[in-house]
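In order of appearance the chains are A, B and C, and numbering begins at 1 in each one.
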Amino acid sequence: MAITLKKIAEMVGGTVSGDENVLITGVGSLTDATRGDISLFYDYRYREYLKKTKASALLVSKVTALYKGPQVVVSNPLLSYARVAALFAVPTPTFPGISERATIHESSVIGNNVSIYPFVYVGENASIGDHAILFPGVFVGDRVRIGERTIIHPNVSIMHDCVIGKEVIIHAGAVIGSDGFGFVRDGSTNVKIPQMGFVQIDDQVEIGANCCVDRAATGKTWIKKGVKTDNLVQVAHNVTIGKDTVIVAQSALGGSVSIGDSVIIGGQSAISDHVKIGDRAMIGSKSGVAKSLPPGEIVSGVPAMPHRIWLKTRGLITKLPDLVKRLRVLEKRVDELERSTNHSGHDND
Amino acid sequence: MAITLKKIAEMVGGTVSGDENVLITGVGSLTDATRGDISLFYDYRYREYLKKTKASALLVSKVTALYKGPQVVVSNPLLSYARVAALFAVPTPTFPGISERATIHESSVIGNNVSIYPFVYVGENASIGDHAILFPGVFVGDRVRIGERTIIHPNVSIMHDCVIGKEVIIHAGAVIGSDGFGFVRDGSTNVKIPQMGFVQIDDQVEIGANCCVDRAATGKTWIKKGVKTDNLVQVAHNVTIGKDTVIVAQSALGGSVSIGDSVIIGGQSAISDHVKIGDRAMIGSKSGVAKSLPPGEIVSGVPAMPHRIWLKTRGLITKLPDLVKRLRVLEKRVDELERSTNHSGHDND
Amino acid sequence: MAITLKKIAEMVGGTVSGDENVLITGVGSLTDATRGDISLFYDYRYREYLKKTKASALLVSKVTALYKGPQVVVSNPLLSYARVAALFAVPTPTFPGISERATIHESSVIGNNVSIYPFVYVGENASIGDHAILFPGVFVGDRVRIGERTIIHPNVSIMHDCVIGKEVIIHAGAVIGSDGFGFVRDGSTNVKIPQMGFVQIDDQVEIGANCCVDRAATGKTWIKKGVKTDNLVQVAHNVTIGKDTVIVAQSALGGSVSIGDSVIIGGQSAISDHVKIGDRAMIGSKSGVAKSLPPGEIVSGVPAMPHRIWLKTRGLITKLPDLVKRLRVLEKRVDELERSTNHSGHDND
C-alpha cells in the first residue's frame, strides 16, 4: 500500500512542512525505518538518530532542522504514529468460517463471519459474537459468552461461565477463569473452597500472553473497559480493575483487590489482598503495596512509599555501611568527649 | 437444588438459631449473596455488611444480633462454608468417554469412566486412572501415569515419565516435567546437562494455572500430598515440597530446594538453590530466602529476616533520609563540642 | 545400554584410576545413583555423600580417597558428566512424519524427517526445517520459519513472521511473538500502537516453559545464538539478548533493553526499559536494574548496586532498628555534653 504524505496529514489532522506528495509505504522507528517509511520524533533524547534515519518523512510536534525530509506537525506524534501504523499493519489472519476440525457443541450460538480455526473447542450453551477470531488450541468452556470482533489467540483457555466483551484481545496462552486460590485449614489439611463465581472482561480490554485471571469465589472478577495488561500478570479472585488501567508484566493483584480507573501499575509489582487503589494512582515497578492508596497517589518500593521519598531513600540504602561507620566514629568521639569533660570535673552523675 | 437449613446444620455439625426450615439454594459472600443463599460471618471487620446482606441464612461462630435471619453456629464458619458450597458448585463437566478426536497411543491403558475431550494427546505406555478428566489440549507424554479422579484442565502439558497421583487438579496451561535449567560452561558456550529425572505429584495436590514444575536432573522433583500452588509458580528441578504446603502466586523455588510440611509461602517469593525450609515455616510475600530455615520460623524481606524484625525495619527504610540528616547534625554538634572543649584546654592528642 | 568406563574415559579425555572395565549403564547424582551409574564429585561440600553413594564410578577433578570405586579424572567433571549423561538420556520422542491430524497450510514448506504431531497448526507460507519436532498443540503462524533439528514442545505458540533458528529448543507453553505492550494515551483511552515487527531466535537457543517473547514494535526482538532462558521469563518488544547469555526464571526485560554476550541474570530480576547491560555482567536474583551497566559489572539489589556493596548492605537493613536506637542514645549524650559544657562556660553562641 502507498499513500501520500498529504493524505496522512489529513488523517491525523497535521500540517505538512516539505513535500506533501511523498509516497509512504510503511512505518518504522528512527533506527528501523527504511525508504518509504514514515517515522516519528517526539523525544529529544533520540535526536542523534535524526541524521542517520532512512525514513522518508516524520511525524513531529514541531519542525526540526536536524532532519531534511518532509515533516507532519501534529500535537501528539506518538498518537498520530499509532493511527498511521494501523494502516500498514498486517491484519489479524482470518479463517473462512468454522473449521471442520474445531469441535463446537450444538447448543452453542455462533455469530456471523467468525473465524474458528482447527482445534478450537467450544462447550455447551456458549455464544461467540460476529467477526470473532478464535485461533487454534483455544478452549471455550460451557456458557462462555464472547463479544463481537474479539480476538482470542492460540492456546488460550476460557473456563466455564466467563463473559468476554467486544473488541477484546486475549494473547496466547492466557487463562481466564481458573479457580481462585481459596482453601481453609482443617487440621493440617487444606480444604478447597469451591470457586463458584466467574470472570467478566469488558469491551476493548487487552490481556497479555500467559496471564492468569481467576474466577471469583462468588460473584465476579471484573476487568473493566479498556484495561490493558502486559504478559504473565496474575489477577486473583474477586479483583476489580477500573477502566483504562494499565498493568505491566509479571504483576500480581491479590484476592478482592480493587483498582480504580486509569491506574498505572509497574512491572513485577504486588498488591496485597483487599487493598483498594484510587483512580489515576501510579505504582512503580517491583513495588509491594500492602495498604490502600487514595486517588492520584504515586508510590514505589517495598513497602510502597510516596515516590518522592523512595527517590531519596533508594540511594541511601547503598550508603548504609558508610552510615554505620560514621555512627561508630561519632560514638567514639562522644566517649572521648565525655571522658575529657569528666576529667575536668563536669561529671553530672 | 434446594435444601433445608436443618439439613445443612446436620451436615456441618452445627446448631440452628432461628427458622431451620428455610430453604437454601446457593451460597455467597455477605455482599454477593442473593435470596436463598447461605453466607458466612467470621471476621468482625466485615460486620458492616451484616445489615445489608440479602443472604437467607448465615454460618457463624456465635450468634450475632446484627443479622435478623436464621444462623447456624459452627466452630469454623469458613470450613463449614467450604463444605456447604461444594453441594451447590457446578460439577466439573465431563465428556462421555474418549473423544474420537483425541489421539491415544494404543499401548496406553485408559481407566473406566474417564473423560477424554477432543484434542487430547496421550503418548506411549501411559496410564490414565478411572474417572480422570482430561480437557482439550492436554498433552500426556510417554509413560506418564495419572491417578483416579484427577482433573487436568485445558492446554496442560505433562511431559514424559511424570507421575500424577489421585484426585489431583492441574489448572489450565501448567507445564509439568519441562527440563530443569541445567547448563555447564565450556568456554563461552553453555552445554546442556541432560535432565533425566521426572516429576512426581502426589494425591490431592492442586497446581495453579500456567505453573511450571521442572523434571529432576536425575531422580525426581517431588510435590507431596495435599500441596496447593497458586498460579504462575516456578518449581525448579529436584525440589521437594512437603505435605499440605501452600505456595502463593508467582513464587519461585530454586534447584534442589527442600520445603517441609505445612509451610506457607507468600506471593512473589524466591527461595535460593539448595535451601531447606523446616515444617510449618511461614515466608512473607516478596521475600528472598537465601538461607535455610528451622521449623516454625516466620520470615519476610530481602534478604529474609525474622518477621518481627522486618515489621520494625520496613518502616525505617522510609526514614533513612531523616536518619542521615540527624547524623549530620550530630556530627556538627560534636565538632563544635570538640572545638570548645579543646579551647578550654582538654586536648588529649 | 552398557559401556565400559574405559570408553567413557576416552570420550571425555580423562584417565581412569581403578577398574576401567566396569560397565556403566546410566548416570546419577551421588544421592540418586544406583548400581551401574556413573556419578560426579566436584564440590567439596558434598563429600559426605561419597561414602554412601551407590554409583559404580565417579567423574572427579582429582582422585578422592573417600570413594573406593573407580574414578575418571577430568579437568571439568560437570562438563564431562553432561557429555556422558547425553549418551544415556531418553531421546526426544519422534512422530513418523506429519500426522493426518495436524493442519498444515498447503503453501508451507516442510523439510525431511520432521515429526509433526497431531493438533499442530502451521499457517501460510511457513517453513519447517529438516528433523524438526513439533509436539501436539503447537501453533505456527503465517510466514514463520523454523530451522533444522529444532524442537518445539507442546502448546507453544509461535506467532506470524517469527524466525526460529537451528537446534533451538522451546519448552511447553511458551509464547513467541505476542504483541509488544505499546499504547499511547488519547485522553483517558489507551490507543494500541500496532506491533509490526517480529522475533528472531538464533541457533541453539533454549527458551523455558511458559516464557513470553514479544514481537518488536518495528524491527525485531532478537535472541542471539546459545542464549538459555529458564521458565516464565518475560522479554518485551525490541529487546536484544547477546550470545550465550543465561536468564533465570521469572525475570523480565523491559522494552528495548539490550543485553550483551555471556551475561548472567538471576531469577525474578527486572531490567528497565532501554537499559544496556555490558558483556559478561552478572545480575543477582531479585535485582532491579534501572541504569545501564558496563561489561563485567556484578550487581545485586533494588536498586541494583555493586554486589560487594550489596553484601555489606543487606545485613545492615536488619540492623536499622538498632542504628536508630544508637543514634537516639548519642543525641541524648550530646545534649548532655552540650549542657555540661555550657555550664562550665564554653558557650559559643
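One rule holds for everything that comes next: a contact is a pair of C-beta atoms (placed from the backbone, for glycine too) under 8 Å apart; a residue touches a chain by one contact, two chains touch by 3 or more.
All of these numbers come straight from a predicted model, not from anything done at the bench.
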| item | value |
| --- | --- |
| Chain C reached from chain A - shortest hop count over touching chains | 1 |
| Shared interface numbering between chain C and chain B [over half = same, under half = different] | different |
| Whole-Å gap between the CA centroids of chain B and chain C | 24 |
| Multi-chain contact residues (two or more partners), chain C | 119, 137, 155, 173, 210, 232, 250, 268, 302, 317, 323, 327, 330, 334, 337, 341, 344 |
| List of chain B residues in touch with chain C within their complex | 103, 119, 121, 123-124, 137, 139, 141-142, 155, 157, 159-161, 173-175, 178-179, 181, 183-186, 188-194, 196-197, 210, 212, 214, 216-219, 232, 234, 236, 250, 252, 254, 268, 270, 272, 288, 301-303, 305, 309, 312-313, 316-317, 319, 323, 326-327, 330, 333-334, 336-337, 339-341, 343-344 |
| For the chain B and chain A complex, residues of the former touching the latter | 27-29, 31-33, 76, 78-79, 81-83, 85-86, 88-90, 93, 99, 101, 117-119, 135-137, 153-155, 169, 171-173, 206, 208-210, 226, 228, 230-232, 243-244, 246, 248-250, 261-262, 267-268, 285-286, 302, 314-315, 317-318, 320-321, 323-324, 327, 330-331, 334, 337-338, 341, 344-346, 348 |
